[in-house]
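Each of the two complexes below includes subunit A, the first together with subunit B, the second together with subunit C.
Moving on, here comes the complex of A and B:
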């Protein structure tokens, strides 16, 4: 462990060593057996941080927010002692790690939680490699700082080269305690929305599209009692890179010409980030801990709880700004890559806030969908086959078939086999470079790279090596993402966790989840214990993930090889959505541990 | 007859209703997604100076405690003339059940301490957010004397800026039959219209100014006239909207 760390003369490694030493993550090197084994100690307690201009009490792991980077080796038998010095229960969930159900760290499902003043020992093998993270799964503690990163070194060689690496933990901090935030949302669901349309903004809208159209648009939204400015539930966040605010400017050093691997982790409670490094092309090599076929991009969107590893190669002796812009543009997370400490580069201003469109309101609904009526010019071979366009109740003319000027592009179409392509609309212009089939056609949320270049799409992700053989799912389970925006509670198939029965799966089956987003928000859905194979139309190269993000007005398919018996959590990773009901227990019955389960 | 003066009984009743509200709900920790929350808002909390030179304190308050689906509501409104006379004072305690994305059905009791004579009512109503963001509240009342009446309220929040909000409001009272004692005629009996401009320093604290108009209608107006009272009044108002 130590040797391995020393091999890297990087700031991250130094930081990590310092953190390890300071906080007593003890590697039990005494009498290391032939099989790798390591003991790690984590302590969860209160600390004071100041990232917003005033001192606040945070909940920290080993005294820092974020907590330490845990560096494991694939195949290592891990013993992790977690001590709770809070006066409330806590827990640690190993996000993305494949562990036995008893070690998964979800109070009520995996175990009883870690009581105040006690130490709980987790034991499991590291049976994978890549970038992951860990966080509390108790109450709303994650928002208060209980999260850290995990790097697992693979046993074999990695299919890409790099000279140094940094973990880049993105997160959101709020000075208001999370319980109070939730109480405020329950009293008034737009409590935090200070970007509403107003009488004054009506004049701007009128100038843009004419008064009648602006008013008609207002009435359309008013008729639904929804607002297009409802991008984020909460405002007032300070956005952090490795615990540092934009002013504190986290800096990673490089020597010009080096390949730098950046392990991005979105540990935010509620924030999606659009990430870019102006002046540098990023090569995405890993998503959610699994290697993907390299994709060169200028920018990518990281959903809450996802991880992306990218490699950049800065050639110049200059600083580069790392920009992570929240989807709602309510601030900025900023860091710097520089040849020397203290160097900075220009920090770009925020781009305009997105506005939802009627396409985002269309409930990802397939009913009444007429394939022949849809204007797809997409050849079958390129059909990503994952996102079904929302058609029900939509005005086809308004969707702009054949008239769509900037071509948000044809949506990917799931059931392609047997379709009569000749019969599909031909008036559609070819998809432009910025079309993303994982957004509703015409969606206000469709990302665009700041420099006009390539923005990563889910459709670009192809597994480097498939984890599972391709086979037909044994059944399909529909997961409608639902909620009551006005009263601020969230649900699956119109039922909150407390009202719903668990989802029962059978060991050995392969289940297809059909996620239908009926809300106006994007939901990062996370299944514990088993990998989620995102169906993005790449067949056997479909990427393997632990979080699948579903944009408003879309339907996304994903498959799960049910290979882990036990009780698992399945939820939206937006923390306040999870806490208010967008959560299910998944029970995997049968299998090798069936006896132990009972 | 009473231990408490009338002036003292209203606050006592309010406090009692509030205590009852909190006690009536289970104390044990519910599931994470089924927790109990509270809300209290003094939407109108204002000084009124009317065109007769009378000055009044007026309030319109609403609070609840409960879960997403089930709540206990407390509503109260009234006017107190600053020369020391209660003009109106009512309290409602209602059970409220969410029946659609935007509406609650409510049932409970209302007690009017003023005007004289005091009255108790059974209440059934519907409250929620109508299309185009109109907040509406419709209620049917049956008094302990068997008199039936209804009230319709609507208000709208017009955002001029993110914090400057113009709030028009309207309230219409309708009586099914004449209630002699209270000087109410059958049919539409009274209307209140308001226009308040507030500045939200925070969501919780918003000072405002505005105008308030109220008028008796039809037979009720005749009753009032016969008694030598004023049928209608326009008031200038200034107050602070509070939210907890």
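Moving on, here comes the complex of A and C:
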């Protein structure tokens, strides 16, 4: 098999290896029946970018952040050469692609990584179609820019129509090197000497002091404790659309009346975005690379590492602003759809930061909870450089500079005077009839469309064509999402990756994962190698995804047909959560061993 | 027309726009009443059909997606649903379809139609004297696996669309173009 692949692709490889600066594509049609084969060359190296007002060193693929869009054809046999010009190991993981375990690109699980100065060749067939992405799975390189997009054209026709398409890569850039950010997060707890308290202890205290006093006290402490996670990690980001900041304004052109397919990819390290295009309804046709029954929305939330494809049809000869507002409202990613270059539309101001309510920390089983994560709701705007929401009428120039780096200082020393205790938790809004079932009833994070219209829910996602037969799971595995903010580590079932045994699955079984989020952050959980069937109550139409986002205080069920032997990564896709322990190895035992070999 | 109305009001609105099957339809009467829109034609007599056009529905697109028909022609459309979802074949202008999409959304909300079929019982429920059937002469709802016919006489040269107005389908591109050309031999 290997020899055959080599022979078949060697000509293409020779032809393209010379040019690494661009993605070389040579399609070889050899033999009968004709099969597609392509060779692609990627080089990972340092580059200088300026998206925040000053030149910074980024890690780039083929010289750009984001890296190139790789365009494959379903059924194509791929040969991808990745050259490492860094002075450290690197890797590329094909996010969402079903590949043999040896080609999955996770150092330590799939292979040894790509050593400095060497070229590693990935070989696998493109078995699927849709919008995906790729990124480094080494250290924190992804945060520094090692990510790009993948578009795989289907063998047959798409079950929808569009006249043109754009890949829209959303990401977050920080001028502070990610290793430094992580170090700050981990040392922050030393600045303050407080004990970890849980919600259960809050109720104990409430018995002594009365609930309001206990909660107010807790919020004071919690507010400072949160700082490491929220102020340090979230403020200071510059948000990018296809590598451009709001001022640089990525623009996609259209002719009025055309249907435009937008392939949204959230390649951010830590940022969820609420995405809308004021004046345009979006029809969601694909989620995580899999077609879904079309659903019209005014806005959607994209978790870290998810993809959504939407079709819009701008009819007017005018510009439309593409707004991707981070959940924490600490800035804005902005682009434009316009009939001609240079046209712009109004950029709406940031909406208020969502406030977490008691609902977000009121899961029945709270021992793993860490209230410090409440800082989602803390006004980080008190910190210097953060954008203060709301910012109606903000000008573009200010936006470009509104996100200044400040993770180097101890941001927890910023006064918390803006904190509104009354707004937090005292009022628990009743669950409304149309509340999103994927948020705790009364959650402060429940999304609302800016125009009062339809906000996409996970419950709306229905597979266009189910990939798997419906069957009862053979067993259930509980995955409690846990963490300890003081020492800044995140965990699964209270154990960090380094302390945990792998999860062992058997080829052929169907496992139900029961995700219980005991923290107050939302976690986008990503299983490599196999699809995750989200149980959203749609039965045979339950959608298949590669990322399932679990909001605070919620339990989400998802099923996996265990159909891929080998060693796989399973982790929260928030980079610093993954890096500090919210990660497991999944080993699939049995099954066709041949598939596990190259 | 807002879709989020009280139930009874939504129904009443749906009736007022869906009822009236069998009358000759002009675009103006459905698209907001400007009155001088292009005539979309009228129901035809199957026996008088000049030709038959087969249209296949899949999830979610039509084949073919472009037709050219001469004004004056009577066409028998044989519409086959090869998909797993309920689809509509509706002749009209883009504006008519936009209006009808709101009605279809209301019907979906009220369970009269589902993504995969028609709830005939709910569809035929009597609501204040109006039958709530989807029975416009310019439109057929075709359940998965079924084939239906629609005979239409095109009367004036214009640009029309055939569309599936099931929520999301038109927006995703389940529509086709019809160029209605001047009558053969009209010389003008």
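Operating definition for what follows: the second predicted complex is superposed on the first by the 444 of 598 C-alpha atoms of A that agree within 3 Å, B and C clash if a C-alpha of one lies under 4 Å from a C-alpha of the other, contacts with A are read in each partner's own complex, and residues count from 1 in each chain.
Criterion: a residue touches a chain if its C-beta (ideal position, glycine included) is under 8 Å from a C-beta of that chain, and two chains touch if they have at least 3 such contacts.
Remember, it's a predicted structure, so these values are computed and weren't measured experimentally.
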Quiz item: Taking the superposition as given, does A:579 touch the first partner, subunit B, the second, subunit C, both, or neither?
Solution: first
Practice problem: Quick one: classify A:589 as touching subunit B (first), subunit C (second), both or neither. | Solution: neither
Quiz item: For A:186, is the partner it touches subunit B (first), subunit C (second), both, or none of the two (neither)?
Solution: first
Quiz item: Is A:484 contacted by the first partner subunit B, the second partner subunit C, both or neither?
Solution: first
Quiz item: Which one hits more subunit A residues, subunit B or subunit C?
Solution: B
Exercise. Go through subunit A and flag every residue that touches subunit B in one model and subunit C in the other.
Key: none
Quiz prompt | Interfacial residue positions of subunit A with respect to subunit C in the complex | solution = 157, 159-162, 259, 281, 283, 285, 293-296, 311, 313, 462, 464-465
Quiz item: What residues of subunit C sit close enough to touch subunit A in their complex?
Solution: 58-61, 65, 84-85, 115, 167-169, 171-174
Quiz item: Inside the complex, what are the residues of subunit B that reach subunit A?
Solution: 30-34, 37-39, 68, 98, 101-102, 129-133, 158-163, 203, 243
Self-check item: List of subunit A residues in touch with subunit B within their complex
Solution: 139, 183-184, 186-188, 191, 194-200, 219, 222-225, 484, 486-487, 489, 496-498, 579-581, 583
